[in-house]
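Input: a single structure, listed below in structure tokens.
In this document, chain identifiers A, B and C correspond to the written order of the chains, with residue numbering beginning at 1 in each.
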């Protein structure tokens, strides 16, 4: 299995569920949650895989820290033990 | 078997120049006060990211406006100054001028910038102030609940344009970027949008570029950002974002409106301030000469002096200068003095007059309502002030024909064509000095040496000083001749 | 230093620079323009900032910016311009920003005329902006006081973190008298609260906004407390023959000078007349007025307005002494003979009449 280039963390406490990241995400790996957070918002939810690390969700998100995007810098692949380094 | 161990590093996160928790906010200190999907939140993040990337957090001063972004200081961990509605460019101007090492950013909305603050933004831009202006345009007054702004689109409904903005009565959307781009001074003006990913990415680049210009002291930069206001527009955040791209952009085309960054010279470095000891000299404040007595009236010995003079004529006759030389000479002679001009439009044309007092005691009122000597340089002035002269005083009149109806039993008159005398000396403009010479002779309060000192101080050209001296001497002679003819005595003013 | 002849308006700028003022934001208006002109010439020489603003509204907001940045700064204007500045003055007081504003008063209302009046008393002393605030107001009556009170104005502005206004009439601004600049050139440090664009001040914030009701109440009470302190400490007057005065004349600025001449003439005529000249209009020298009420039989307020200062005099006296009022407006000045006539009439109406007749003073 190839590692995703990016990863996404959503702070559910900070997200207001505007949905702009859902709309912006090129690989469409963000959706709004079914349930509500304690403020009453449906919050952004990462599908868990497929993030390219492009940062668009971060850029469109109006809350300063609701979205954090990570980049893959070192991946170890189970089969061959090949290491690749990303930026 | 090797373990799965992918390593990730944070690439996009809360900008460092935004607070981790918003302690200045009353409650819900983990989120902004902005509505879900608000353009301000997006612009805040892009601006903070630019500040981070340029490494200027410590030197950044942000002026926040009135409007939804009034609370920008809740969020930006930089120096913060909150300004009155529309006035942020004036506030930013003053901060930047006195703190040229600071990067001053004026954050403003469209009601703030394009309506109430239209003068301040225009002139800050025209002066080429070294500031960045972030202009968030959502085509409406949001904080006050959705009233029409100058930026509201044609036909757009608002609480104050319930039938839609009608250009026949409410005009057209004001395109501030295009307007300011007509000015010479600005270095960079661009309009960007928050309508889709590509626009937002461009907004990020533009904001960074503007702030970078400011850090390099290149001059005025502004980025106008077309931003969604889902709440007031009554749309979902995604609908509002689309509306920016599909509708707003038609009235407000995106793009660079002005860019002379490449050719722009950085603002000159401020001069090194002079030392404190140099300041009085730079202000023209005279230092006391060691050994020379202070020019204080109380030190003067001899007879008491109390002289009130009114000088009047038409503008250009040197009325005020005559008075000034007299006052300056009085000061040189160790007397208390005051000089009070008529001022205003009279200064430019028509009549002009001044009050001068010389006294051996501190002067109470500088107004001379009953002069001991009236110097009337023309007939209207004589008619205006003749009756006010104190009994026993003198009228020095520029004319040989003294109007009979103005003749007073109790006042001496010296009536001569002083302008003609001046002409004979070389220039009719020294008539005032001939008359001053006569006045000094009659009053007898100031010695020639003091007059010379006063003249050289007030009259810069040696040629004119020389002519003025001759004029003064001529005036003295004329007064002496007159006094010799008048049997009623002399020196009435002194005592 | 050395006494030199200078206009009041020119003295203001020199005194300001000596007091450490390094920024001036101006907009021309008669009869205050010489202040702006002198600042344009002198500020650059001393490494200071001069900006000709696009309006008085911009000028006062530049004060807000300059003061926020921790710089001693000032502006000058006249009636209509001061009206435009009132918005900014309220913000300055609310944000506790020190600065100095000179009002060289002209005739009003509206454009009025260019003559001298004292009709800005209410808008300057009572404040024309919104909210619970005060400005400290100094009223010079000579070129020397234009210099001395400008220096004092900067000290008070910093001490109270509040705008201080210099309220002078057109005469005091326009006239020339000898002036001596006392005291050395100052270089005040940057206040700790300023926003300077440096690491040390990054956490600082300037605002007049306090969203929580309790926060704003606390803030307004804090301002009120400052004003109470100023009322205790800063009231200033000039007294002249008030100790035994039966008639006390009251006037500020140029009127104070005219009244001094009246006092001299009245005393020469044997009338017990004195002068109480407020130098601070806010804080109002209330206790000085209470003190004269013990022996004065009449207080005569003379103003170049239809009666603004007189309200404060009446409040201070609180009925303890009858108050007469005399005024000229429109650019006209209360002549010293006019006031003398009033004093003579009052003296006659009171039982000073007998003494008057004794002295052979003619009926006015």
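Heads up, the rule we're going with is that a residue touches a chain if its C-beta (ideal position, glycine included) is under 8 Å from a C-beta of that chain, and two chains touch if they have at least 3 such contacts.
Treat the numbers as computed from the prediction; the structure is a model and nothing was measured.
With chains as nodes and touching pairs as edges, the resulting graph is an open line. Comparing chain pairs A-B and B-C, the larger number of C-beta contacts belongs to B-C.
The central chain of the assembly on a C-alpha centroid basis is B.
If you average the CA atoms of subunit A and of subunit C, the two centres end up 64 Å from each other. Subunit A and subunit B have Cα centroids separated by 54 Å. Remark: subunit B and subunit C have CA centroids separated by 21 Å (rounded to whole angstrom).
Those residues of subunit B whose C-beta lies close enough to touch subunit C in the complex are 24, 26, 57-61, 63, 70, 73, 77-84, 87, 90-95, 97-99, 101-104, 119-120, 122-123, 127, 270-274, 276-277, 279-280, 282-289, 294-296, 324, 327-328, 331, 336-341, 343-345, 363-367, 369.
Contact residues of subunit C toward subunit B in the complex are 1-5, 14, 17-18, 22-23, 25, 30-31, 42, 44-49, 51, 53-55, 57-59, 61-66, 68-69, 71, 73, 87-88, 91, 95, 113-115, 170-171, 174-178, 180-181, 184-187, 195-199, 201-209, 211-212, 254, 257-258, 260-261, 264, 333, 335-337.
Residue ranges of subunit B in contact with subunit A, taken from their complex: 1-15, 18, 20, 28, 30-32, 34-42, 44-46, 48, 75, 194, 197, 200-201, 204, 230, 236-238, 241. Residue ranges of subunit A in contact with subunit B, taken from their complex: 3, 6-7, 13-14, 16-20, 22-24, 26, 39, 41, 53, 55-56, 58-76, 78, 81.
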